[in-house]
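Both of the next two complexes hold chain A, though its partner changes from chain B to chain C.
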Partner chain A sequence: MRRIVPAIFMAAAAAAFAQQSNTVQEIEKYRAALGDGNPAELWEARGEAIWKEKRGPKNASLEQCDLGLGAGVVKGAYTVLPKYFKDSDKVEDLESRLVTCMVTLQGFTPEQAKKDPFGGPGKKVAMDALVAYITAESRGMKMSVAATHPKEIEAYELGRKMFFFRGGPHDFACATCHGVDNQRIRLQDLPNLTKQEDARKAYTSWPAYRVSQGEVRSFQWRLYDCFRQQRFPELEFVSPASIALTMYLAKNSNGGTFNAPSIKR
Partner chain B sequence: MKNTKIIVLAAAVAVAAGCASMTQRDDAALNAKALELMKASFREQGIAKLDRLIQDDVQRLCSEYSGDKTLPKDVAERIEKAEQATIKYPADGKYLGDWKNGERIAQTGVGMQFSDTAGAAAGGNCYACHELTKQELAFGTIGPSLYNFGKIRGYTPDMQKYAFGKVYNSEAYSACSNMPRFGHNKILTEQQIKDVVALLMDPDSPVNK
Partner chain C sequence: MADPMKIRANMVGDKVEVKVLMSHEMETGQRKDAKGATIPAWFIQNVTATHNGKTVLSAEWGPAVAKNPFLSFRFAGGKPGDKVAITWTDNKGDKRTDEATIAA
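And then the complex of A and B:
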């Protein structure tokens, strides 16, 4: 009997450990299996069509939009964003740049261009699709956010401040969960986004098709939902703070190979 | 030669000092600008109003002393003393509630998000960061393991009181802890905190098995 007890205990502990690593392994397997046929491709195809479609009061396509590498260049554009644009005199990420182009090229009002930032059940939006298409055109390329213009440097510094800003009823900052190496929330690994290696891995995996939601989620959505969980008020779509924080995280991922839209649980 | 060295050194010190005060001023200006930026970028939604962006002393100091800046000892002591004074212990002097309720509170993270309804009971979400029982495998590692919390420390009234205070206001014991101030910020009620304390301190709780 005395021998059996520790044996049972050890078996239970081993089973617990096995179950945990199994869960992680199963998720990895699931990702690998789905990686070949990521439903995000449907968004990418739809986005390409929307990019080329004549829309808005000016009945124009987005094909002449300058995403950072010159008018009409889509290939690799996401790797240099966020970036300062002379025409708008602002630092813009992909989503805010698309809003600018919808206004200047297609004649939408800013309100119209920003109206439907994220898709949902039974609601397909142009923004998600455009983001999926444009980001996919940077797949396999290295992140290279310049952050050299004074406004870019300022955005980076403000984004860093936001990252460490504790607030709300739970005293949470981004750094609460993403400032230390090798931690988990429940079973979910948490990247330390202040460090290049983790920032690269995390930033280059968004946007993502979320299996649990059946939607492609953009980086703007990622930040919006992080702040919801942080118990902050609602982060406004393409707001200056959202772009500053994106600048901080994107620059920290410089040198990483972009590999999205990806697929996540 | 020696004099030149001293002058150069003195000049270097003066420049460094100048830079330091300059950096401090720049940093304060940057903090102010970041707050301004955030106020212009968030909007109130449901129960989450914009006052959530107004920091109290703990939030402000802990934001400042993060990243590359370590928290000075005197600031830590000041925070802990001030937060200690906020703890409201139960009037009936009883710290232990029902550990089964405590387990439910530890499992759920609902509450206080802009997607949550006003007035609904919130959870503590302890498992998000802590190991507590051997039955629950999906625990996080942001905080230390609390398995065998009472068994290791002893089931004493003092330890019950400590556990209550820690859950009520973690900053009173460990300045700039990542743990929410569940009582102080009215996330959990007094009874809910008692239930969580029971989860940690009741000898019958699976935490102590």
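And then the complex of A and C:
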């Protein structure tokens, strides 16, 4: 009788595994069905209009903003970010670069430019729309973050340290969830971001329209919310820490084909 | 003023396939805000699609339709270059019409 027990147990485990991979397939079907009418396109259209609109005290558009490939070049710009910019003497990701351009070109104060980083119920913000528009212009292109300038290397190393740094009331690190294979939160598969394949798949799928929130969420938001979920201190919008972590994750996705704004549950 | 719709119209065989994304909150009237007050209902009630001025689809929607709705349908009799116009009206009387040209 005793011998049967492990056999039954194994059968149950196999059944549970089959059910789980079945669930993953079903979620993939759900994503494919949603992908056809991704509302992120509404953000992209709005973002393009805001990019070209004359705004701020200087009544200027953002069209002359240098996103990394030269003034006014939007196509493919997201694939080289974050990068070091001479004019601001900083490593910047897309969101912080937009803040810089809003200050230098349009005459906003940094506080004004950073005031509304994320949209919410009944609140449409320019930042989400701009991010959706600019990232969409890199769809189908390969990620190629240089990370060769000393300040870029510094940011990458800082980001790597942060990724593995344990802290907070839960003694958590990013790596606690994202440094192991086959982890899940409820039914969501968590990518192992220390592996190139997973890092590519994850990074190239943000920003995304979150169906559960009805909003396009940027990569800055993704990190902000990961910090909240770890019960870390609030990650300040476009802070050097947020850019360093983005640098680490973006560089690890090099070679992956950018495919966002995507749609997620 | 509501944001523009995103409309795509393509020939699929001898039919025209229209795909529309609308920007709308679609509040059900069942939800409460952080203070516990009911968020008033606000949703698209009527949708009509016209092809060269002739109605090819007319729909009555309710609060069960999700935020930022996506509508896809096919109709017969269209050809590349024709115009397809979509109009929605919500329960607050706000209205929006956008137009697209049928692609080959």
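Heads up, the rule we're going with is that the second predicted complex is superposed on the first by the 242 of 265 C-alpha atoms of A that agree within 3 Å, B and C clash if a C-alpha of one lies under 4 Å from a C-alpha of the other, contacts with A are read in each partner's own complex, and residues count from 1 in each chain.
Basically, a contact is a pair of C-beta atoms (placed from the backbone, for glycine too) under 8 Å apart; a residue touches a chain by one contact, two chains touch by 3 or more.
Because the structure is predicted, anything quoted here is derived from the model rather than measured.
J.: Given the superposition on chain A, which partner contacts more residues in chain A: chain B or chain C?
T.: It is B that touches the greater number of chain A residues.
J.: According to the stated criteria, A:Ala244 is in contact with first (chain B), second (chain C), both, or neither; which is it?
T.: The answer is first: A:Ala244 touches chain B but not chain C.
J.: After superposition on the shared chain, which partner residues are touched by A:Ala32: those of chain B (first), chain C (second), both, or neither?
T.: A:Ala32: touches no partner chain.
J.: May I ask you to decide whether A:Glu157 touches chain B, chain C, both, or neither, giving the answer as first, second, both or neither?
T.: In the superposition, A:Glu157 contacts chain B only.
J.: A:Thr194 in the overlay: touching chain B, chain C, both, or neither? Say first, second, both or neither.
T.: Touch status of A:Thr194: first partner only.
J.: Is A:Gly179 touching anything from chain B or chain C once the two structures are fitted on A? First, second, both or neither.
T.: first
J.: Look at A:Glu41 in the shared chain and tell me whether it touches chain B only, chain C only, both, or neither; answer first, second, both or neither.
T.: second
J.: Mind working out whether A:Val73 is in touch with chain B, chain C, both or neither, as first, second, both or neither?
T.: Neither chain B nor chain C is touched by A:Val73.
J.: Across the complex, what residues on chain A touch chain C?
T.: 36-39, 41-42, 45-46, 121-122, 211, 214
J.: Please name which positions on chain C make contact with chain A in the complex.
T.: These residues of chain C touch chain A: 3-4, 6, 19, 21, 23, 25, 66-68, 70, 72.
J.: Which part of chain A faces chain B closely enough to touch in the complex?
T.: Residues 12, 16, 19-20, 23, 157-158, 160-162, 164-173, 175-177, 179-180, 182-188, 190, 194, 227-229, 231-236, 239-242, 244 of chain A touch chain B in their complex.
J.: Which of the residues in chain B end up touching chain A in this complex?
T.: 30-31, 33-35, 37-38, 40-45, 48-50, 52-55, 58-59, 62-63, 66-67, 112-115, 127-129, 134, 137-142, 171, 178, 180-181, 185-187
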